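The same chain A turns up in both complexes below, where it pairs with chain B and then with chain C.
Right, the complex of A and B next:
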């Protein structure tokens, strides 16, 4: 136990050296900086360079879009207003995700339903599989004094039983 | 001449493949073994013949035969020889031929094995493998011929293999060159790995289908294909990892995974393949959930065809759009045919396939594995839906939408969290039955240690609870696996009285599979650390600097020193900046972010300057510059904490998989024989 605690303390001191990574970043100066432009641009996709966010795209068209964002920010537009502006011009595809409305509900509903459905089926499945088990064999003894999976007597006994059953089946 | 030889060999391969299928079915129906044997010979012949075809194409590529359309499309005089050769998979037609050749290689290996015990499976294994090969050969011969040439007639320049009436051959002096993005080492190796993974899964699929058709109910197909599956899985994983590395090194957006549809189409078969590998364990050890493994291998095959279809049919456009062409309808036809065929077959065999399911408690290994399989499938459905939703939306409403990273991350994050938890508990759970008390006994020490994963970041000032949970999961996974391994060595030492090293190697060899799995899981947990680093803590800033000016991010300061613009021999214009990097005021060295402009293709490629340590990466991109460098250049810099662990974890993962596939010694063989009794 002592050894164990000592190793924890050792680990702790080692890891303390690494935590400086998570310090917050210094703030930028005011006005529409590149970072402010990129913050909006990273949420938009131009219709030509599909699947590359606007902040990372190097084409001339995307550079112009970033210029538009800069101008709008300078005029005091909010992030949402700028996004709406691009949606009005080019459609929903400029957004990183389909807006939650109309047909697009399906996009979000299906994964949710599948996940919930999967979990429900799993719960029912486990119940059913347990029932099947209790019909087929006797329930395992609770007080087995298990020490270790490698020398797990209960498990070994079951293995022996199954092996015997299989050998009988073959024979 | 080489083009004619190549095309001829391609055509002969198709004839052999068609003959092979015919002979196999005829032999099976009439119970004439000699016909099946003959089909097997045909299987062996296809690989050498296709090698002649590949050899011809390589010859054309290496020697600059630009009269061949494919050669002109993907190579140019200025390219070095190794790039000319790897351009084999740099375009649609060549990569399809390469795909077929790899599949033929696998088919060759399948045909070589001893079939004594499994004669009844053989005809159907031949049929499934060759049918897949025929599909790809047909694509190559009739739709994407890599040996087609340029001709000139009254209407202009046309491409065709044979000479059209009235047309004259033309010989362009140079080609367009390989897509610059494909010149990176990661991208040179990535496609072969990906294809090997895809093709590798076709073999277990063929055995599964043969088992279904012959109504066999034993586990023989699982035993035979275990090695195949693991290798296929290794290659598929390597393909994904190399793709991620390539994205990080070349695409210049500071990340490694963009949930791009093409990336997703490679991820999907990996997800189902991983689920399959896990389900097979229960199948083998407990003879349960047999229909699950069957369904999962079928899904994996379908997803491989689906992934190849959507990336090549032009149905999507993305950064990988070089792989587009107009072979969509035939691909879709094959996909629908395979889907219908497998569904009908599964349906007709469902009754004999079903096995009794007995899961005694929630902490037994089979229960945990089933939960993990369901989680993999949950993620798979989400990714699949995300990939096809834009097409569905376009069909239904006429409006195309983008399904980007936020959509996937919302589902992927909790699922990965669940999988990490399972990975931590699973090594301690045993098959059939385990009590919570027993599990708790084994878990409490690693659990206590894992709390460091929360305490330390808290001390460091981190208060975002999702990040804290993520760190705890990583710590928990690592702690459990390490504790468990040490515990087993100690038990061995105690019972056998051996030294540490001897106990270590014996424990490992005694159950190579289980320990390989532990190593693989440790690899995944380490990779998770890299993912957490970028997902939660990545920061970035951008600024335009004059020479001598500096940009700060986190504890780093980057000073713009110089910019060189020059032409290279391989037809590039390079703008290369020199920046010096300091951390906490201490000079670390220089980085050279650059932008390469390829004259032939007109494509610019951004190569970041990266300083990578175990703690964090400092990643600099040259965004833009003024003609006179003293006027300034725009840089974007990223601080990516812990991302190196993603690559380290990937290596650990690969080592684990290789160990799992490694043939065990005599003891292992003995164990296997006992298992078969």
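Right, the complex of A and C next:
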């Protein structure tokens, strides 16, 4: 019985050893998974069909490009190396995010400029609003008994006219 | 001063957007306009610069292996190339638009194409010609002006010859 158990344990150990030795080999043979390919493809855009990421594009061309990604990954290329290869072949427009250089700077600068401009406008707007509000909340001048600034002006104009007329009358 | 800065920034933004809009709305290169200068490096590594071929008629065909409508004209273009080859004053160039090299080479082999073909690296040539798709063919006269623009495939060898023959002096 002991001999039988020993031989079973020995057989199982041999099986485990075999599996552990051959498993990495079989993984290498299967190559990159679809998820690994799509992880890179999602960062690239189809240069033929506009605004469609490579991982979601169903055209023959996109299938070929996903095939290239698979081949490059299998050869041990990194994500950045693959992206550089695609840019060299098809131009910057394949990238989901344009590189920060040349005219592309505008893509990053304009939203920032609009945001800053909007904030500046808001700050000035609030300031003006506060000044107007404080002017409006100033208590009326009790000495003259007048409250409306327009009526004040009209009143002053009439007083000045009267004074002028009197001065002329004396002269 | 602050107002001036704000207005300047707004004016700059409008100028930038206008330039972008103008560039995106630019149509195709028309017949009679000068052909844009370009250099094509073929799959076998030879280099062809358009300005070196002033005095020759140049046929620039944009194609791709994934393009089904490119296939019917492939053999006619090769036949036309062979027809004019001995004259030495007609150059055929195939520009492979956003394609993968193994499939492109298989396409050239399948249709027996022997005239110079190369990839449109960084899509610079197709952008210079402002193509809208493939196949598109530009035939450039001996003065370097666009003499014919073919959108879609040629239907026969005779059609190609009917365009090239009057351009040859």
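Basically, the second predicted complex is superposed on the first by the 106 of 171 C-alpha atoms of A that agree within 3 Å, B and C clash if a C-alpha of one lies under 4 Å from a C-alpha of the other, contacts with A are read in each partner's own complex, and residues count from 1 in each chain.
One rule holds for everything that comes next: contacts are C-beta pairs under 8 Å (C-beta built on N, C-alpha and C of every residue); 3 or more make two chains touch, one makes a residue touch a chain.
Note that the structure is a prediction, hence the values are computed from the model and not measured.
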Subject >> Which superposed partner A:106 touches (first chain B, second chain C, both, neither) >> reply: both
**OP:** Could you say whether A:98 touches chain B, chain C, both of them, or neither, answering first, second, both or neither?
**Re:** first
**OP:** Check the residue A:38 against both partner chains and state whether it touches chain B (first), chain C (second), both, or neither.
**Re:** first
**OP:** Using the superposition on chain A described above, determine whether A:65 touches chain B (first), chain C (second), both, or neither.
**Re:** second
**OP:** Please indicate which partner A:158 is in contact with in the superposed arrangement: first for chain B, second for chain C, both, or neither.
**Re:** first
**OP:** Check whether chain B or chain C contacts more residues of chain A in the superposed model.
**Re:** B
**OP:** Applying the touch criterion given at the start, work out whether A:75 contacts chain B, chain C, both or neither, answering first, second, both or neither.
**Re:** neither
Original post:
Just chain B (first), just chain C (second), both, or neither: which does A:88 touch?
Top reply: second
**OP:** State whether A:120 touches chain B only (first), chain C only (second), both chains, or neither.
**Re:** second
**OP:** Starting from the residues of chain A touching chain B, keep only those that also touch chain C in the other complex, and list them.
**Re:** 91-93, 106, 110, 114
Original post:
Which positions of chain B touch chain A when the two form their complex?
Top reply: 251-254, 258, 260-261, 316-319, 356-362, 367, 370-371, 374, 377-378, 381-382, 385-386, 389-390, 392-393, 396-397, 399-407, 411, 428, 430-435, 437-438, 445, 448-449, 452, 455-457, 459-462, 488, 491, 537, 539-544, 552-555, 604, 606, 615-616, 623, 634, 636, 639, 641-642, 677
Subject >> Interface residues, chain A side, partner chain C - complex >> reply: 47-48, 59-61, 64-65, 67-68, 87-93, 106, 110, 113-114, 117, 120-121, 124
Subject >> Footprint of chain A on chain C - complex, ascending >> reply: 2, 6, 9-10, 13, 16, 64-66, 98-100, 103, 119, 121-124, 127
**OP:** Flag every residue of chain A that touches chain B in the complex, lowest number first.
**Re:** 4, 8, 11-12, 15-16, 18-26, 28, 33-35, 38, 45, 50-53, 55-56, 58, 91-98, 102-104, 106-107, 110-111, 114-115, 118-119, 122, 125-126, 128-130, 132-133, 136, 140, 142, 144, 146, 148-152, 154-155, 158, 166-167
